[in-house]
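You will see subunit A twice below: alongside subunit B first, and alongside subunit C after that.
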Partner chain A sequence: MKKRYRNTAFLVELLVNILVFSISCAILVGLFGKAGQIARDTHAENFAGAEAQSLIEIVKARGVQGLEDADAQPDGSLLFYYDEDWQPASGADAAYTIRLVVRDEATVAGVLSHLSAVAESRDGAEVFSIATASYQPASAGGDAL
Partner chain B sequence: MQVKKNRSGVVAGIMLPMGLICLFAFCSLALALMGGQAYKQIQAGVDDSFGSTVAASYLRTKLSQNNQPGVVSLRTEAGVDMLVIRTEGAQTVYESRIYVSDGRLMESFVPADDPFSDNGIKIAEITSCTFALADDGLFSAEIVSVAGAVTPVSFALTEGGRV
Partner chain C sequence: MNNTKRKTRTGRRSGVGTGTTSLLMIFTVLCFATLAMLSLSTASSSQRIQAEGLLNAKAVAAAKGEAAVQVAKLDTDLALLQEYYTLEYEKEIAAVTPQITSEGGGLPEADVPEPVAPDCVPEALMDYDNAALEAAERLGWEVTGSYQVALSLPVDESTELLTELELQGLGATRRYEVARQITRLVDGWTPSEDGQLWGGGAP
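Moving on to the complex of A and B:
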C-alpha cells in the first residue's frame, strides 16, 4: 500500500513538473517568435529610414522631377515600391512602399517645400515616417509670392 | 495473477516515469535548439545591418556638419576613391578622407598637402562603398554590407558643395 502510494506521488510530481515545463516552453517559444519579429522590424526600419531620407535628399537637390521609378498617385503623392530586401520592385511584388508627399508653400522670399515620407509594409502597418522642410530662396529659382 | 500485477507495476513504476523523463529531455533539447537558432538568426540580421547602418549614419552626420560650399569633394588618390572634407585651421588646411580599405570604411584626418596613406581609423565593417557627387550638389553613396545588402545614402549639399 505504501509502495503504491509512493509510485503515485512520484508520477503526480513528474506530471506537475512536465506541466510547468510545458507552460514555460509555450512562453519561451512565443518569446523566440517575438524576438525574431522585432529583429525583422528593426531591419526593415533601418532600410526604410535610409531609403526615405535618400528620397527626401534627392527632392531637395533636384526637385520631384529628379526621382526615378516614382508611381504618381491621384492625390499628388508619389509611391515607391520595394521587395522584402528593400530593393526596388514593381507594384505587384512590393513588400513595402514609401509614400512621398511634397507640398510647396510660396513665401515672400521663395518657396518652402514641406516633405514627408511614410514607409508601410504590405499589410499597411507603418514602418517609418519622416517629415522635413526645404527652403528654396527666390534667387535660387524658388517662386516668391 | 501475481505476474500480471507485477508487470503492470513495472509499467506504472518504471516505464511511464522513464518515458516522461525522456519526453522531458527531448523537449528540453528541442527548446534549446530552437532558442539557439532564433539567436543565430537575430545575430546574423544585426551583424548584417550594423556595419552599413553605422556607415550610412556616419556619412550623413559628416556631410550635414560640413555642408558648406567648397568643403566636400570626391577624389581618387593612389587608386583609392575617397570622400574629402576640408577643414581650415588657423594656419593649416586639413582634410578628412573617408575611404574603403580591406572591407572597412576608414577615415583619416591629415593636412591637405599630405599624400594619401592608408592609416585611418576604422569606422565600420562593410564590403564596399561607392561615392558620387553630381553637379547639382546631390551626393550619393551605395554601401554594400558584409552580407551584400545595399544601403543608399543621398545628401543634398548646399550650392553643390563646391566653390
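Moving on to the complex of A and C:
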C-alpha cells in the first residue's frame, strides 16, 4: 500500500515537473527568439548605416558617376539592392534597398548637392536614414566640402 | 537479511525519489533562464550602443551638410566681391600704369606686367580682404585670424563641428581653403554622473 502511494506521488510529481518545465521552456524559447530578433535588427541597422554612409561618401568624392550597379528610378533617385547578408543583389532577390537622392543646386560660385539615403527592408519598414550636403566650388573656388 | 539491506541501499542510491526530479527541473530551468536573460541583455545592450553610434553619425552628417551650405553661401559672397574688386583693381592699375611707365624711363605699357609701387596698388586688395571678412561675419562666421574664419555647429549636447577656412587674397588662384573640419567637445562640457563617459565620438 505504501509502495503504491510512493509510486503514485512520484508519477504526479513527474507530470507536474514536465508541465512546469514545458511552460518554462516555452517562455524561455520566446526570450531566445526575441534576443535573436534584436540581434538581427541590430545587424541590419549596422550594415544599413555603413552602406548608406559609404554611398554618400562615394557621391561626395566622385559624383553620381562613381556609383556602380545603381538602378535609376523615374523620379531621379537611385536604388541599390541587398540580400539578407547585405551583399549586392538583384531587385527580385532583395531583402533590403537603399534609395539615394541627389539634388544639385547651382550657385553663383559652384554646385551645392543635397544628399539623402534611406534604407528600407522588404516590407517597407525604414531601417536607417541619413541626410547631408556637399559643396563643389567652381574651378577657381576652393576646396570641396 | 543481508539481501534486504542491499536492496534498500540500492534503492536509495538511485536518487530518483520524490523531490529529486523537482530539484533537477528547477536547476535546469534556472540555467536556461540565466542563459536567456544573458542573451537578451547582450542583444539589447548591443542594439542600444549601435543606435547611439548611428544617431551620432546622422547628427555629424547633418552638421557637415549645414557647414557645406554655409560655405556655399560664403563662397557666393566671395565670388561676387572678387568680381567687384577685380574691376576696382584693374581701374587702379589703369590709373597707375602711365605714372609707372613715365617714372620707369618710358617703358611701353605692354612691358609692365603688374604695378609694383606698393603705395598705389594694395588699396583694392585690402578693401577686398576687409569686405571678405565682413561678409563672413555677416553670415555667422567668427574671425579667428587675419585671414581665418571659423564656424561652430552643434552636433549634439556634448559635441560640435568646427569648420575653419583660410580666406585667400584677391590675386590668389582660389577664394578659400579648408584649414580643418573636426568634431570637438563643447567648451565646458563634462560627463554626466549617470555613467556615460564618452562625448559622442568623432566621425
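Simple rule for what comes next: the second predicted complex is superposed on the first by the 108 of 145 C-alpha atoms of A that agree within 3 Å, B and C clash if a C-alpha of one lies under 4 Å from a C-alpha of the other, contacts with A are read in each partner's own complex, and residues count from 1 in each chain.
Quick note on the criterion: contacts are C-beta pairs under 8 Å (C-beta built on N, C-alpha and C of every residue); 3 or more make two chains touch, one makes a residue touch a chain.
Since this is a predicted model, take the numbers as computed values, not measurements.
**Student:** Looking at A:Ala61, would you say it contacts subunit B, subunit C, both, or neither? Reply first, second, both or neither.
**Tutor:** Touch status of A:Ala61: first partner only.
**Student:** Look at the residues of subunit A and decide whether subunit B or subunit C touches more of them.
**Tutor:** If we count touched residues of subunit A for both partners, the winner is C.
**Student:** Can A:Leu11 be said to touch subunit B (first), subunit C (second), both, or neither?
**Tutor:** The first partner, subunit B, only.
**Student:** Look at A:Phe32 in the shared chain and tell me whether it touches subunit B only, subunit C only, both, or neither; answer first, second, both or neither.
**Tutor:** both
**Student:** Thinking of the overlay built on chain A, is A:Gln87 touched by subunit B (first), by subunit C (second), by both, or by neither?
**Tutor:** first
**Student:** Would you sort A:Arg122 into first (subunit B), second (subunit C), both or neither based on which partner it touches?
**Tutor:** In the superposed model, A:Arg122 contacts neither subunit B nor subunit C.
**Student:** Considering only the touch criterion stated at the top, classify A:Arg103 as touching first (subunit B), second (subunit C), both, or neither.
**Tutor:** Touch status of A:Arg103: no partner.
**Student:** So, does A:Gln53 touch the first partner subunit B, the second partner subunit C, both, or neither?
**Tutor:** Both partners, subunit B and subunit C.
**Student:** Both subunit B and subunit C touch subunit A; at which residues?
**Tutor:** Shared contact residues on subunit A (touching subunit B in one complex, subunit C in the other): 10, 14, 17, 21, 25, 28, 32, 35-36, 39, 42, 46, 53, 134.
**Student:** In the complex formed with subunit B, which residues of subunit A make contact?
**Tutor:** Of all residues in subunit A, those touching subunit B are 7, 10-11, 14-15, 17-18, 21-22, 25, 28-29, 32-33, 35-36, 39-40, 42-43, 46-47, 50-51, 53-55, 57-58, 60-62, 66, 85-87, 134.
**Student:** In the complex formed with subunit A, which residues of subunit C make contact?
**Tutor:** 16-19, 21-22, 25, 28-29, 32-33, 35-37, 39-40, 42-44, 46-47, 50-51, 53-54, 57-58, 61-62, 64-69, 71-72, 75-76, 78-80, 163, 165, 168, 173-178, 181
**Student:** Write out the stretch or stretches of subunit A touching subunit C in their complex.
**Tutor:** 6, 9-10, 13-14, 17, 20-21, 24-25, 28, 31-32, 34-36, 38-39, 41-42, 45-46, 49, 53, 56, 107-110, 112, 114-115, 128-135, 137-138, 140-143, 145
**Student:** Please output the residues of subunit B touching subunit A within their complex, sorted ascending.
**Tutor:** Per the touch definition, subunit B meets subunit A at residues 9, 12-13, 16-17, 20-21, 23-24, 27-28, 31, 34-35, 38, 41-42, 45-46, 48-49, 53, 56, 60, 134, 136-138, 140, 149-157.
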